[in-house]
Amino acid sequence: MIPLSWYLIFAAALFSIGLFGVLSRKNAVAILMGVELMLNAVNVNLLAFWRYLAPENMAGQVFAVIVFAVAASEVAVGLALVISVYRRRQSVQADEINLLKY
Amino acid sequence: MLQDWLFIGLMVVIAPIFPVAALIIPQLLAPKKPNPLKSQTYECGIETVGDTWVQFKAQYYNFALVFLVFDVEIVFLFPWAVALNQLPLYGVLVGILFIEVLVIGLVYAWRKGILEWF
Amino acid sequence: MIYPLQVVFILVSAVTLGAALMVVTTRNMVRAALWLVLALFGVAILFVLLEAGFFAVAQVIIYIGAIAILMIFAVMLTRRIAQDPGPQLNSTWPIAAVIALLVFGLIVFLVQVWDRAASLPPPLPQGFAPLQELGVALVSADRYLIPFEIASVLLLAALIGAIVVAWERK
Amino acid sequence: MSDPVTFVAKWLEAYLSGLGLASGWIAVIMAALGVIALGSAVLLLDILLVWVERKVVARFQDRLGPNRLGPFGLFQPIADVLKLLLKEDIIPQGADKFVYNLAPILALATVIMLWAVIPISATVAGSEINVGALYIVAVGALGTLSIIMAGWASNNKYALLGAFRMVAQMISYEVPMVIAILIPVILAKSMALTDIVESQTVWYIVLAPIAAIVFLIGAQAELGRAPFDLSEAESEIVAGYHIEYSGMKFGLFYAGELLHALTFGGLFATFFLGGWRGWGAETYPILGIGYFLIKSMFMYWVIMWIKYSFPRVRIDQMLNFCWKFLTPLILTVLSITAILDKLMSGLPYWAYVLGMLLSNLVILYFVYQAVGRYARRERQRVADPEKFRVNFPVKSTASPSHLP
């Protein structure tokens, strides 16, 4: 059988890759993809904890359901923002969207 | 439970082998004489003009957006439907409430003209 | 059946992590989206190994069938990004790499020192039907009714918000 | 000899354990053999379908169809396959080679994967996973992906346009179709397709006729068949997402489309026509396979009948029909079915069936009235466009309408 630590380390690696993508990519859509990877890592953790520590308690599964909803909402609004910014500035590069910086 | 998924897992591995085999045979039998004229893009009898990446109408995004929200909510309704026998009437009505919230979104998109094609 | 499952896990997780790395490094955005699909599919297979079949199919339906499609649509609508010249990473990417590695190291360290990390999955109780349990849990007032309804309101808010943000009047 | 499939499986299992293999490996080998047998059977059926489709369309159009090769032209599909195998493989310039080659493979493989959960007889079903209904939706989502991959990788405007149209259509019609699947799930209280078939002592088309109709329309749209064949509208965008494919790669798309149609026939039979159920199918499972194939073929014929009888709709009509008619309708039916199911759970089964049928008929009556009113209004609007002009608030800000 697979020990719990394997899932946790896999999720940590996936989360770190997603984090790297969020912090380093220029393209706004790519940043959203990084966020998706991070949310997936969270879901792997939630379901692994459900299966290994408390299979009778549905909290882990319900949390995973909520994470699905959050991921969908985040993509819907995030991509709408990207499209809105693109229409005004003709760019989706996150480092060029700096109007609020000054 | 995992035994049930064994068949699915093998299906995911083996099902692509059939079309891959069908693609390998022509590689061995068929003639192969590529030339640049032959591999040109087909566009209604004229040479292709400009970039393939033309910008698309934003309506496609609208429908994908509404679809995304509906899809997520419908998937959540499936466990509720399976458990319907063990729920009191109140639990059923709560599920209906979930659907009605979905309907509000549909009505909003409709009134806003998001579902129009123009 | 102890050994083969571990092999499946290692293969799937290696492919998933490789695809995830391609997502954050590929220049072409549509290709990045396709790599994302592969990574998400790998996670779905891990859900099957966790005996959460519902989440595996939900992952494919929601992430691959809806979210990845929406992302490809968004890439096509903002067409310039598919062929961006120049570097795809910003100038501070080494710092980002260090932070990511630090987070990874920290979590691995925590997993190492945690005494229940090596635990094996307990057998599911006889006659335990996770799907029905989940359905009941989601609509029972003393359990997770409020999060369930809030999830639907959240999705409604996301729909309205996205429509307002993307199609506001100039 | 009433159940040859189980007989052969039992014999193989005994033979393998006689070789001294561990039980786990026997399960893996049996499943692999099952997958190969199922896939081969389905693909053989697919080759036959080429002939069936051409023969039936010929009859609908008052022609003879293929009749030269062999009796009734039965060898025509074999000649077709041979021709496709011998054709040169052309990759258009600027194509993304890997994705371009992957798309047709995925298109056919996903259709084969759908058969993994369909129960074929009382004893033969690939897998009895407890989320079978959702599995079908998930595999369909992978099929959508193959279309967008084909359209994007071809580096052709028409292909991309066709792919976009097709995907917009598929994801739109997926919503009412998935809700239509939810209704048999509510009636059977299970997502496993085997359970759904076993609980159909009365076919669900009697309990949920509206869901059945909506599922059929959704299937027609998912298949991209007329009246929803906008993605390959020959007069507008030549052939749709597979315009740049030739030879066997085109053949794979074609085979996938035909097999998909039969698969939807099979799914309709499973969800609404009782699958393998029929007289004596429980005691003689071999009969179940026959019943299932007859029902699937009948639904396949209905899908073809619709395809060759209706003209193509416009894209705005297609989307309006889905979002403003089918989706609200099926959401209403879903709510009413769930509440009625709860309220009538104590009644005898015949009363339950009657209640469901009556509620559906009442809804159908109101829908009929509403559609008639709408059609009258639409005819007037088209005759006199100025009088009925509607201005939508976002019209001025949306992207210019010259975009494709």
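The first chain written gets the first letter, and so on, giving A, B, C and D; residue counts start at 1 in each chain.
Basically, a residue touches a chain if its C-beta (ideal position, glycine included) is under 8 Å from a C-beta of that chain, and two chains touch if they have at least 3 such contacts.
Bear in mind that the values here come from a model prediction, so they are computed numbers and not experimental data.
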item: Higher-contact pair (C-beta pairs counted), A-B versus A-C; value: A-C
item: Geometric centre: closest chain by C-alpha means; value: B
item: Interchain centroid distance [CA atoms averaged], chain A/chain B, Å; value: 21
item: Chain centre separation (chain A, chain C; CA means) in Å; value: 6
item: Centre-to-centre distance between chain D and chain A (centres being mean Cα positions), rounded to whole Å; value: 33
item: Averaged-CA centre spacing for the pair chain D and chain C, given as whole angstrom; value: 28
item: For chain B, residues contacting two or more additional chains; value: 1, 4-5, 8, 54-56, 58, 60-61, 64-69, 71-72, 75-76, 78, 81-82, 84, 87, 95, 102, 112, 114
item: Contacts with two or more other chains, residues of chain D listed in rising order; value: 28, 129-131, 134-135, 160, 164, 167, 171, 174, 191, 393-394, 398
item: Multi-chain contact residues (two or more partners), chain A; value: 65, 68-69, 72, 75-76, 79-80, 83
item: Pairwise chain contacts under the document criterion; value: A-B, A-C, B-C, B-D, C-D
item: Residue ranges of chain B in contact with chain A within the complex; value: 58, 61, 65, 68-69, 71-72, 75-76
item: Chain C-touching residues of chain B, taken from the complex the two chains share; value: 1-2, 4-5, 8-9, 53-56, 58, 60-62, 64-69, 71-73, 75-76, 78-84, 86-87, 90-91, 94-95, 97-98, 101-102, 104-105, 108-109, 112, 114
item: For the chain D and chain B complex, residues of the former touching the latter; value: 27-28, 31-32, 34-36, 39-40, 43, 84-94, 101, 104-106, 108-110, 112-113, 116-117, 126-131, 133-135, 155-158, 160, 164, 167-168, 171-172, 174-175, 178-179, 182, 185-186, 189-191, 238, 243-244, 247-249, 251-252, 315-316, 319-320, 323-324, 327-328, 331, 334-335, 338-339, 341-343, 345, 392-395, 398-399, 401, 403-404
item: Interfacial residue positions of chain B with respect to chain D in the complex; value: 1, 3-8, 10-12, 14-16, 18-20, 22-23, 25-27, 29-34, 36, 38-44, 48, 52, 54-60, 63-64, 66-67, 70-71, 74-75, 77-78, 81-82, 84-85, 87, 89, 92-93, 95-96, 99-100, 102-103, 106, 110, 112-118
item: Contact set on chain C toward chain D in their complex; value: 1, 4, 30-31, 34, 37, 53-54, 56-58, 60-61, 64-66, 68-69, 72, 76, 129, 131, 167-170
